[in-house]
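Note that the chains are named A, B and C in the order they appear, and that numbering of residues resets to 1 at the start of each chain.
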Amino acid sequence: MIDLEREGEVFVLTMNDGENRWNTTFVRAFAEVLDEVEASEGPAALVTTSATEKFFSNGLDLEWRQTEGEHRGGDRDAFGPEFMALMGRIITLPVPSIAAVNGHAFGAGFMCALCHDIRFQRADRGFMCANEVEIGMVIPNPELALFRHKLPMNTFFETVQLARRWGGPDSLAAGIVQKIEPIETLREAAIARGAELARLGANRKVYGRMKEALYGENAAINQVHGPAYMLRHPEAFH
Amino acid sequence: MIDLEREGEVFVLTMNDGENRWNTTFVRAFAEVLDEVEASEGPAALVTTSATEKFFSNGLDLEWRQTEGEHRGGDRDAFGPEFMALMGRIITLPVPSIAAVNGHAFGAGFMCALCHDIRFQRADRGFMCANEVEIGMVIPNPELALFRHKLPMNTFFETVQLARRWGGPDSLAAGIVQKIEPIETLREAAIARGAELARLGANRKVYGRMKEALYGENAAINQVHGPAYMLRHPEAFH
Amino acid sequence: MIDLEREGEVFVLTMNDGENRWNTTFVRAFAEVLDEVEASEGPAALVTTSATEKFFSNGLDLEWRQTEGEHRGGDRDAFGPEFMALMGRIITLPVPSIAAVNGHAFGAGFMCALCHDIRFQRADRGFMCANEVEIGMVIPNPELALFRHKLPMNTFFETVQLARRWGGPDSLAAGIVQKIEPIETLREAAIARGAELARLGANRKVYGRMKEALYGENAAINQVHGPAYMLRHPEAFH
């Protein structure tokens, strides 16, 4: 379901479950693989991609959510908090992380891609989209905060309010992804970038603490006081 | 003064008062037309434009502000809070909204354009500008918050501190508008985009609640805690 | 060490100490020159540049920090708060300010450039970089707040977390600098821009109060309430 290989210093996590829709079984398999990445030492980076060319991850496992009883998707009640916690874990992963978005990334799949440090997107096909408003749902606040901390304000608004579908070139211009690549070279380009960044992962304490400062409790960047005040009172803002 | 037509599912609001300068009479006429838009049901979008080619809206009605006694501009004391409240209403309008900026949009006129979900600007002429600093005024905090929630940080700064005048192409590159068009096709392009987005307006409850989450009281995106913390504690951030 | 000339209404501050590394002596010399700028009256702008072509400012004076005893760098204990306070002063300088970045701007040198209102960067060579994570340091919160208030969110992340080295063209595309220039014309282009903006500096009270609203204590743009709420309650957000 979730495969893990290592190419030099780069861990390559391949979501390998068809459309890679999120259910509790999928969340737990993903988390287990992260355990292995985090247990490693030395320079390291993570590349996350999909085994299916058309889909990076197509969102929630709706069929599972809408049925009852035994299902390979697992415990339905556990899903919400466990999925959110996994996203919180990815966004603060103490090594550099790259999503190689090789096909559609919708809803939860888009969230997963955004929780990575960098995104490379297939150039010719596939969309990233937060389609909640399109299907009549309000986006939960933690997800809104995720989008708002990763994207320029204008891109953020089109993404969450207008449910815009972002193809590769538009996505690059809007600041959502850092590179677009032909599908043939996407995986290797992401791994090459991971290899360049792996040195930053060697010091996991610093790399992880920085992400906590950006995205964690009482985030440094969300204080009501502006930088001028903070610069004048550095002793109060360790 | 404020005309309203309907083209299919798109309401077209035309400001029709010369330079479209803001006074209490103008604010109330605008608000009445919004009542009509909001009273409608089903798919809908709003396009706001001006009858005067050179001006979308040229700011406050200074002549009215600086005189005393009877004036078609109406009650001077009521203006501040009523204008601000109208802007608060436009920015949370429960249907998609598009400003077709066909000429200059200065001060209050720029605010009005920014309160819309999307902006199309005339390509060849006309500027958008928050000229307060240029004329020796400090921008009020609610207006600052508006600019800061709509624009990328670098664009925000040039806009509010340096009073930069944004022509079409620069405005597009800076993320202020989403499209530029020749004047001949601007209105129809905005209406066509409104028609595409009108489906999102069908569910006004969801569409409006999303905007409240972005721009309202205790806005989801302004919490001091970052997304990692919120993702780990979703129960606390409904 | 820090030279000051005047060309028309533009003050030109030239850092003239080799690599322009920051120590207490350098901070105090810089502050003294700012006293002179602030004591002036009438239209004015500041251009900051370096006498050394290869370096705008190469960061902290590490040799000084890592030794003990007498040193031209001065009092080591005073440095932290005095440097931070100087940055807080530059970011709220009551006249327009332009950094003409003619070479590398690393760490503290990058902070100094970002505290200016506008940045022009040499087009062909030289990087701006916050290299803390690269060298195993967590960026202090006031510095994080500075970067976060000046840059679009995606640029911010690559800058602080990935220690990206920004050359001229990338820097321009990312919204870090407003213009790139050949080294031969950089200084004069910055001075010409300063001359254009000097009129805004004539009203120092307004120009400075705006920056306080953006970057100071309880900054207007960092309130938890969004603009819709603030627009509806302008009386509470003076």
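What to note about this one:
Assume a contact is a pair of C-beta atoms (placed from the backbone, for glycine too) under 8 Å apart; a residue touches a chain by one contact, two chains touch by 3 or more.
In this text, all values refer to a predicted model and were calculated from it rather than measured experimentally.
Superposing chain B on chain C by their CA atoms means rotating through 120 degrees, a value rounded to the nearest 5. For the self-contact between chain A and chain B, the two sides draw on mostly distinct residue numbers; the shared fraction is below half. Chain B has its Cα centroid 33 Å from the Cα centroid of chain A.
Across the assembly, chain A contributes 148-149, 152-153, 156, 211, 214, 221-224 as residues in contact with two or more other chains.
Listed in rising order, the residues of chain C touching chain B in the complex are 96, 117-118, 148-153, 156, 175-176, 178, 197, 200, 203, 206-207, 209-211, 213-214, 220-235, 237-238. Those residues of chain B that touch chain C in the shared complex are 80-81, 84-85, 87-88, 91-92, 133-134, 136-142, 144-146, 148-149, 152-158, 160-163, 211-212, 214-219, 221-224.
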